[in-house]
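Structures follow.
Shared between the two complexes below is chain A, which pairs with chain B and chain C, respectively.
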Partner chain A sequence: MSHHVTFKDLPEGGEKFDPAKGSKLIGAFAVIGGLGLVGSIYGFVAHADVFSYSWLFAIFFAFTVMVGSCFWILLHNASNSSWGVVIRRLFENLANMVPVLAILALPLLLPSVQSHLYEWMNHHREAAHHAQEAGISVKEALHHMAEENQHLHVLVEKFGYLNITKHFVPPFSWQTRFLLYFFVLWYIARHMRGLSLRQEQDGDIRHTIAARNSSCRWLFPFALTATFASVDWLMSLDYTWFSTMWGVYIFAGSAWASMAIMIMLVAWLRSLGYLQKVVSEEHYHLMGKLLFAFTVFWAYIAFSQYFLIWYANITEETRFYLIRNTAGWRWVSIFIVVGHFIGPFILLLSQPRKKNPVVMVTVCLWIIFMHVVDMYWNVIPERGPSLGLGVLAPGAIWGDIFALMAVVGTMGFLFLRKLGGNSLYPWRDPRLLESVNVVN
Partner chain B sequence: MSTTLKRVHGYLAEFDSVKELYHAAEKVNEAGYNRWDVHSPFPIHGMDHAMGVKRSKLPWLVFFGGAAGTTTAFLLQYITQVKLYPTIVQAKPATIFSLPAWFPVMFELTILFSAFTTLFGLLALIGLPRLNHPLFASKRFPKFSDDGFFVCIEARDPKFSQVGTKSFLEEIGGKNIELVEDEI
Partner chain C sequence: MEATATAPAHTPADGAPRVLEREPLVLNNRSYSWITNRICGIVENKQPGLWWLLFVPSVILTGVMVFCFVYLISTGVGVWGQKQPVAWAWDITNFVFWIGIGHAGTLISAILFLTRQKWRTSVNRAAEAMTLFAVMCAGLFPAFHVGRVWMVWFLAPIPNANAIWQNFKSPLLWDVFAVSTYFTVSVIFWYIGLIPDLATLRDRCKPGLKKMLYGTFALGWRGGNRHWSHYETAYMLLAALSTPLVLSVHSVVSFDFATSVVPGWHTTIFPPYFVAGAIFGGFAMVLTLMIPARKIYGLQDLITPKHIDNMAKIILLTGTIVGYAYSMEFFMAYYGANKFELQTFQLRGLYGPSTWAYYFMFSFNVFAPQLFWIRWCRHNMWMVMFVCMCVNAGMWFERYVIIATTLERHLTPGSWRTYEATWVDKVTFLGTFGFFMMLFLLFLRFLPVIAIGEVKGVLPQSNPHQDDHPETGIQEEDLMDYADRHVAKTVNA
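Take a look at the complex of A and B:
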């Protein structure tokens, strides 16, 4: 209460980010993105089979950050919370990178890329070919194929969901859903920022109420998007495998990583002289608590998934963990347990550490790294066995690095370039002062 | 003629608002009193800071309580399922490598023991349950659960004095200052 801030202390019109001030980081992103894009084009041309996995990994990493950002906006509005008003705009801007991600993700729609990633699509394409020749439906053709190859029975059973032909019949084809996921996230991001920006024009509280209403409504399509995008893009890499925990697992990591990015972004903006009056150590503490909560939540979900599969010991289910718990991947698995859960858990326990920006930025850097490792561990172990290249496709890690550089660099560069377009915080939000003076 | 013995509990002073109570608490803390407390109908954000309350020891109790829970659960399962009565279920080894199967119990007992230490540790630290409190002798004090904001400086504080503390409370804006006496 001794540092009570009033409207007199805050500038009219909020604070606008000047890209020239952050030119170092923007330049770094540009260089990383440019190098990555060059390497990625080479990857797609020269090693399309191996590189498809790299690209999926990089795209999915960025996708989880978008999912997390949308989640925090929706949760914030739906729960009518006031503390996060000062950081909400940053999430809104981050979530609005969805169109860029959608463009970067387009290669995944190409059949030539899909043929390396999704074995089931190859069977479906073959079935579609047979179906055309014999004048029967694709599902029937798949059924005929299953008489020779018993494994394909699973695909016949899953045809209602897992297909690439029924574009307009719910639950739609893989491709339609692919577009739908981006549409949902894009709509959420655009709609929520739109309301927030319109409030800056007229200062009307109705925008706050409208945001609350539509957040409650959009949480449901959002949850479906996060769940089924992870089913479609990652789980179907192995069409025999399934886990009902999968969507929650991906969601937990998404919310975790995007909160870590937010803390780093806030700390970076403050180091450039922005947000000095509006963000205090209390906000770091609050964000740190959420980060801690999701550290535990992720571990809970990750262990539950492992535990049920390990205990039941059913062949179709154990394959996922078998390839990740043998050979070199075993060490990555153990590393994730320690680095993704135990380390952050202990580091984030103490309150003074959560209030210290230097400590938090260090922890958050580690958290982003661990989220990358987690995504890598989810996507890449499938590559060697699927392509017949052994456990670790030799040399392929360079492709993974370039793909990650391309996606993160491009999106980071465009995000920071566009960040100056509006105020860094919603300066006419009715709960602004409550948020600025928050004590917890 | 009353023969009841009485003991001075301390001075009770009333304040009009949260703001006044907050600033009064800051001043009492600055004056160096140790045995005192504030009473309000609802929690006041930042009051701990104004009162200069030190960090509670409770987290340490809870940490060791939780650790005891984890250990208990681990030993309970390790001793029975590996040492005393090893049983092979679903091809799982009856060794330390069955650890994942024990996690749920370890987790739950950690929570249970932590919760118990939190509750009972808290009660022990704040001195509850008790049958009565000297402040209930005051006629004005029941307002604390409605619209009263009070500061009470206890007589067992080394800095307490019958004249000095009263004038100090008047100085910081306390109203209806009352010497609360406890029947013994």
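Take a look at the complex of A and C:
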């Protein structure tokens, strides 16, 4: 950037987004969301078994974006960074969509939905029924059931964690944890944006220090949330499977996808005439570099997990990859290797490409698509075997598309509608000029 | 500490500062010549008595290490304590321990360079040197563990008359490639960084052998624009090349264990967990060496409390990541419902013969660094040294726990045996500390401990535009009114 920006160059009060200017995209999200919701309601009514998986997939996709947004806020504050001040508010606003997601996720709490998704819950409910009849504990009832069906023995072993009854005893029941995950993310998002907005009111630099301290403290609960949400919602789809890397894997994809969304959002806002003075090609370059870093990090984690399970070749672990490496899913797996890693890796290597918004938006669209594919590949292959429908449930993909449309459309619409509520960047942040004038 | 004012040149009408200033990376407005003189002075002047006090025992310990290896070669690997089922014990523990320490150097040099962390300039040189010496110490153990060290070249896939075909499916072989590549690239990276400073030393020497040697290794450096331009390109490329190497080395080391089907070894989180642990242990060792060095050689203005604070925070972060991995392993041992895996962890942490090692590991690596949440602990050098010592010990125990205590209680109870190290194990390990210290002290003696050219580059006076657009700023220390101050008070803030 040739001109050094000072506070005099920037408008007092920052820039406010006018939804009327972005009405095309907002309208598109509304239509997509509306159609998706209609389709989803039909899905729940007509094909609840198949559609439960579609809904979980869509919700989890959005959840990873929330996780990623919270991560970037926390990382930015905790590392005392300055470059990202101009985009931090957008992440704060994005992360504050957690309550909307929580509401959309409520169907996952319904036993009728869970019964299709989580086989272990069915056994637990059956055990609870027996327990009530026989006047014994659920775990004991489960133990009796395991004597008949040896496969259930692991459920007895895992009862302390994987249960739907111990609501108030740590590590709590599945449902309580479900709510807890949303609460933690919601608290982080709200608290961090709160500090940022308060600074806009009073201009006190100490809020920046407070945000740094809080971010450091919340990193650990955040890590636990991302990890155990992935365990509860995805890993327990197959209650026999386990991997210590799982939380890190989900986290890596989350941070990756949410950065891609941020780049697209920034490019879109700039195309509408916003952020012209504060965001430069240097910011695209920086975000591109982080995107590159997470492309590699995800590949490193994904490869390590796959490789170690492949090499050791233990039956308990291989099932996850077996169902994803056979029949039609094999091609999806190969596609993920190419599309999730090799493609973005090559595209993001060059510096001029990272500084070019048009190229970056194209790459980011691809990245978001690949993240959708990755999440799809993680959730959906369980559907066929669990419901006894074979490898691919015919026609179910329409439900998956409608679910994704419903969640993305609704959240995108509400996010953009509310985006005008405060300045697009924290205009009184004490590191704003450092961020605006960043050169790397 | 003498305080010199950093005066903001411009104050707006309302007077309130709007900018949170960065802490200076060199305190007390030191000039270029002060920096050159101070760093070159270490090499040019006589070493303080303390240097000799450390050097002599280090040389003796190195001799002891050589003796131990000679004894081992002449007698056999049986002089070490490993017996079935504990076939890997102190040797591999020491190998992983030293390799881990050898990660901080390249992390500081490469990754912090790529992420534009300017504070790295004061510590990268010493950390890189330390990396090389640590990798040297590490390499000794597997080399001697093969039994016939003179045949260690069989590890290299080169034609030989003995029909030896290397097992390319074995992570142990990948280790050979990973470690040797890492060492080679680290040497090149370190040496490239040294060139401008070697030229500085050359220019300050009187004619003689020293001048000739510094001159030879400075490769005719004249400090021209073209030199710097090539230098920076090479440095950037090497940084980019080293970054995946840092990650690969410890990932491959973790594969040595994780590709097996041994309960307690086979777990998918091992690669990133080992890398985090390596960075953790490496930073602790950097601080262990640099805190005394900055005191002895009067480098407090270059390695400031801010640098130590940053490194302490990295130790806190990586220590907590390591804690996450420990907990995740334990959780999955339970959640996976594999009784062998679970029992391994119960034996490690609850009722095995070596639970003490597990408790040491956990408290040194996870609990001790939590002290760094407190600012005072990050700024009190004794406290920092205490935590770093805990981490140094804790990271050794981590490898001991993973390796020896797991094998002590392998799958067949009939062959269970409690491992005991012999005197040779212990003395050899102690000897490598002597070797490490000896090399590091020689480095202090003959090469510039801080990258002179790079530190100058982060001085405010190196930015020609620093006074072009002043804004009223405030230092965090002024803003928060911390009890211990390091930065000169801002005037008119």
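Just so it is clear, the second predicted complex is superposed on the first by the 439 of 440 C-alpha atoms of A that agree within 3 Å, B and C clash if a C-alpha of one lies under 4 Å from a C-alpha of the other, contacts with A are read in each partner's own complex, and residues count from 1 in each chain.
In the analysis below, a contact is a pair of C-beta atoms (placed from the backbone, for glycine too) under 8 Å apart; a residue touches a chain by one contact, two chains touch by 3 or more.
Predicted model only: the values in this text are computed from it and were never measured.
After overlaying the two complexes on the shared chain, residue contacts for A:201 are found with neither chain B nor chain C. By the touch criterion defined above, A:209 reaches chain C but does not reach chain B. Within the superposed three-chain model, A:311 lies in touch with chain B and with chain C [touch as defined at top]. With both structures placed on the common chain, the touch criterion links A:150 to neither chain B nor chain C.
Of the two partner chains, chain C is the only one touched by A:6; chain B is not. Considering which of chain B and chain C touches more of chain A, the answer is C. The interface of chain A with chain B overlaps its interface with chain C at residues 307, 311, 440.
By the touch rule above, chain A contacts chain C in their complex via residues 4, 6-7, 153-154, 157-158, 160-162, 203, 205-206, 208-209, 216, 220, 223, 227, 231, 242-248, 296, 300-301, 304-305, 307-309, 311-312, 314, 316, 428, 430-431, 433-434, 440.
Those residues of chain A whose C-beta lies close enough to touch chain B in the complex are 1, 303, 306-307, 310-311, 313, 439-440. Only residues 16-20, 22, 116, 244, 247, 251, 255, 258-261, 266-272, 320, 324-325, 328-329, 331-332, 334-338, 373, 465, 468-469, 471, 473-474, 476, 479-480 of chain C touch chain A when the two sit together in their complex. Against chain A, in their complex, chain B makes its touches with residues 22, 45-46, 50, 90-92, 100-101, 103-104.
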